[in-house]
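Below you'll find the structures, each written out as structure tokens.
You will see two complexes here that share chain A, one where it goes with chain B and one where it goes with chain C.
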Partner chain A sequence: MLEKRLIGVITVKDGWAVQSIGYRRHRPLGRPEVIAENLDRWGVDEILLQCIDRDAQGGGPDLALLERLCRRGLSTPLVYAGGVRSVSDGVRAVQAGAERIGIDALLHDDPHLAAELAEPLGAQALIAVLPLSVHNGALAWLDHRSRLSTPLAPALLDVLASGAISEVLLVDWQHEGVHEGFDERLLALWPMPTQPLIAFGGLSEPSQLRGVLERPNVVAAAVGNFLNHREHAVQRLKQSLAGLPLRAATHAPLDPARAWS
Partner chain B sequence: MSGARLTIGVVDYGAGNLASVARAITGLGHRCRVTRDTETLAAADAIVLPGVGAFPAAMASLHEHGLVDFLRQQARSGQPLIGICLGMQLLADMSLEHRLTAGLGLIPGRVRPLAGARWHIGWNTIEIDPEDALLSPSDGQSLYFNHAYAFDTPPPYCIGVSRLADAFTVAVRRGKVVGLQFHPEKSQLAGRLLLKNVIEGLCRA
Partner chain C sequence: MAALMHCRRCLYTSAHPLGLMLDAEGICSGCRVHEEKDRLDWAERWQRLESLLAPYRSRSGETYDCIVPVSGAGDSHYIVHLVKQRLGLNPLLVTYNKYFNTSLGIRNLANLRIRFDCDLIQQNVNPHAVKKITRATLRDFGSDYWHCLAGQTVFPVQTAVRYRIPLILWGAHQGLEQVGMYSHEDEVEMTRRHRQDHDLMGREADDLPTMFDTLKESDIWQYRYPDDAALSAIGVRGVYLGNYVRWDPKAQHEQMIERCGYRTAAFARTFDTYDHVDCWNYMDLHDVLKLHKHGYSKVTDHACREIRHGRLTRAQGLALVRRHEQAAPQHLDKFCEWLGLDRSGLGFLLDRHRNPRWWREAETGRWAFAGASTTAGEAAGVTMPPASAVFEANDVLAHDGIDGYITIGKGHP
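Presenting the complex of A and B:
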């Protein structure tokens, strides 16, 4: 049986993993490599590495960080998001160590170019990252560079309907980092009922995660800050979600070879 | 050869995440050579053909680097060859991804879109032919998949399936040529154990 996924999110700004709150405030957590190793060891189903300053900087994906992570020998699938401006950026990010690519600003600038990434990488490797909020009862889509929100663009919906992008990471950006903050109206208002969705932003408690993961079109839930507070947080969370179609909690002992590398 | 350190050649043809595969192999205690140099690959105990992306681009890259005939020749000579994810699909006669494209033709069959789903992304259990000693220890394990196409092959070559709406092939074998649709290198402990069994089992046979 294909299982739903619990994704651990590492948010990176200026090269450091940060706790992100509402896309505005950021508190340093430490080295992204260390957090990735913890998530890997704790048996999270997928890791999302999102470098939130790369789109605005225009410097492309953080390939050096991807390569450093890859050298650590992570055995958990890695999704990379941040700074993908072109097909070649996406291909280079995969070659540097990502299994899948999240695209955000490119969907505002040129959604059809985003779809062209499917030619070399395949649609299964592409995730649309959409920071959303509810405004006057409708979904509003944030461009985090300008901080302006607009309705979902028809061109974006066309690209998603074409199947060029496999999953949508639906981000409740206003409640990111807010305990139990996730606004489930974002899922209810999403206009494409068969589109596989990943919910992210303010998901912290098992009861809330259970409600989200019980929705048929939600294939994964992504958790960021709240996984970093205690050892083996992934296993504890999965044990609290027993009965859902999630992979059983796993645990790998700390690899001594990695401990001081 | 039990306990002996093996040398594994990983084919570098510009398609996907070679470093993760290489790191998984060295993590098993074996040497790894990531290269497109045919002499180095031919000297290895086994060749691993990884792959992420689309079939036509990957085959074009293999042709560009002069690796198509080489891989066919090495497989027919009995050198163990392990295809991973797209690398498994490249073993087929042909693929319908984007357009009709000829594959390596090492295992009979064709690659076609998944039935009943657009994609197969995430962790799914595998059901293994109990007669296959390499993979049967992993029967019932959950492994990581990320693909949109499936390899249709006749029963003698299909040694493992997973299920969405219906069962579809996720592991193929013809002698010392093995294909794995999932990513053992990204399937944590279950993947590492499976990869160890496949590499060491093929090289020991």
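Presenting the complex of A and C:
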């Protein structure tokens, strides 16, 4: 069986790693590279670096930040998202050190162009980042620039069905940063049952993560803010998720009672 | 470089070195988190604290329940009051000798230990290593205080591992209080990452020695954080009382002055007479370096805190900042004597760390300041703050007449 992954998310705004709450409020955390180094040491399975102001600024990917991270010699695979406007932007982000690329705004603007990224990079290197909510019993897809939600576009679903993008990061943006906020209806309503999914947004507690990761099409769960509140948060979370096919934590706490509290 | 943005409520800007986020209304993350102090149910949060600490109480009463890092200033008296008198725990107090000690700080530390009837252990790193480190950090990144910050944040953790006492109780979380890094409800705990990122300005002890310096591993090893395996084996956990108690340093200090004999002193560079009275440098050389590097100084921190607590208006706070932030340091000679520098050498180093974003050399040796307070708005003609906002000093830094560093001091109440 393929192992599932626990992804550590670093959200970057104005150059600072931040806690993000509901795509609206932000609290500063520190230097992205120091947080990445810490997640790497703790044994997270993948790091998602998402620069949330790059799409609106139109400045392309934050290559300088990627290069700073790479100089740290991290061993954890890195996903980069933010400001990817073209095939060349995606290629440059990979050349700067990202293993994979997350695309968000481009899927609204030109989903077929997003699919063209698979030519030079391969589908395995592409993740669709979809901020979703449930509206009148159906999925609504947010464009974070305009803050307007619309139904999932047929062109998007066509691109996903073509296999040009390997995984979908399904973001519960309304409950991002809310303890135990993740709305599992997003997974239940997702229309493509064999599409590998990553769940993100309001996943804070082991029981909730376990429920999400036990779904067959969920290949990973992503956690952001909550990994910054405790020492050894990744190790403790993984210890609490024992029995799931996850890579073992580094230096797991010895006392099971303190695994996650 | 991003444009400088001012919070509409306090005096912080988007250039704060801990990071600061401004929302759509122009209010900063620090002010937003401060609003929680008037929204949260603090009685309920105290109950949460008691539940959280219950497993750490010693059943036999023959061991320490927790470690409490202390100094001869700051919030130490209030923290020990909470831990010992309100929570009924038996703490081991630990303190790092910063060498820049005032006799008032030595006196306050002795008062703390005796008044609250606690055991206290002190870490004295050998002074040759401390001086070598201080020369390197002052030269490389303009910090006379790295060894103090590193020592006072690592010695409690080392002691937790060494004595197998897993619980460390700290006061308020600086990042939460100043810039709203966390909500109180996040109940953030101590982490190695935060220490490296913020307390140590991104530089761990092992980052200090370079091939171009005389600093060696033998000088820095005492500042190394215990490794993950050691922390996990003991289950070391650092809890911030500020997440569970409505933190108000002015009110707390005044309670400690009245009930527990805490003593205070005036400074030229701020109006707050309660903080940092244990150190000749913090409100002096260290504060000048802060102004050089970051374009604001400690008086801005104090004013922001008082504005948020509603004891100063923004204009009153700004007037106080402008009154104090350019005041000349008074104790540089003590530092030069301790480190073996002359004043011109120190002056050269201080100028080297003037950030061109905030400083322009108008002519040789004359610097024009363009820091945050110069663009923060109008403060002319403001009325004086009310009596409730006044900080009074009841002592002097040279408490027993010793106008210099007490490098090792036991003190007396």
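Here, the second predicted complex is superposed on the first by the 249 of 261 C-alpha atoms of A that agree within 3 Å, B and C clash if a C-alpha of one lies under 4 Å from a C-alpha of the other, contacts with A are read in each partner's own complex, and residues count from 1 in each chain.
Here, a residue touches a chain if its C-beta (ideal position, glycine included) is under 8 Å from a C-beta of that chain, and two chains touch if they have at least 3 such contacts.
Only a predicted model underlies this, so the values are computations on that prediction, with no experimental measurement involved.
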**Request:** Check the residue A:Arg145 against both partner chains and state whether it touches chain B (first), chain C (second), both, or neither.
**Result:** neither
**Prompt:** Looking at the overlay, what does A:Thr250 touch: chain B (first), chain C (second), both, or neither?
**Reply:** both
**First (chain B), second (chain C), both or neither touched by A:His112** = neither
**Request:** Applying the touch criterion given at the start, work out whether A:Val34 contacts chain B, chain C, both or neither, answering first, second, both or neither.
**Result:** second
**Fill in**
Of chain B and chain C, the partner touching more residues of chain A is B
**Asked** Does chain B (first) or chain C (second) touch A:His135, or do both, or does neither?
**Response** neither
**Prompt:** Should A:Asp14 be classified as contacting the first partner (chain B), the second (chain C), both, or neither?
**Reply:** second
**Prompt:** Of the partners chain B and chain C, which touch A:Ala98 in the superposed model: first, second, both, neither?
**Reply:** first
**Asked** For chain A, which residues lie in the overlap of the chain B contacts and the chain C contacts?
**Response** 250, 252
**Item:** Complex contacts: residues of chain A adjacent to chain C
**Value:** 13-16, 18-19, 25-31, 34-35, 38, 41-42, 225, 228-232, 235, 250-255, 258
**Prompt:** Which part of chain A faces chain B closely enough to touch in the complex?
**Reply:** 1-5, 40, 43, 45-46, 67, 70-71, 73-78, 91, 94-100, 118-125, 163, 166-167, 196, 219-220, 247-248, 250, 252
**Request:** Using the touch definition up top, name the residues of chain C that touch chain A in the complex.
**Result:** 2, 14, 18-21, 23, 29, 32-33, 175, 179-183, 186-194, 196-198, 202, 228-229, 231-233, 235-238
**Prompt:** What part of chain B is in contact with chain A in the complex they form?
**Reply:** 14, 16-20, 23-24, 26-27, 52-54, 57, 97-98, 118-125, 142, 144-148, 162-164, 183, 185-189, 191-192
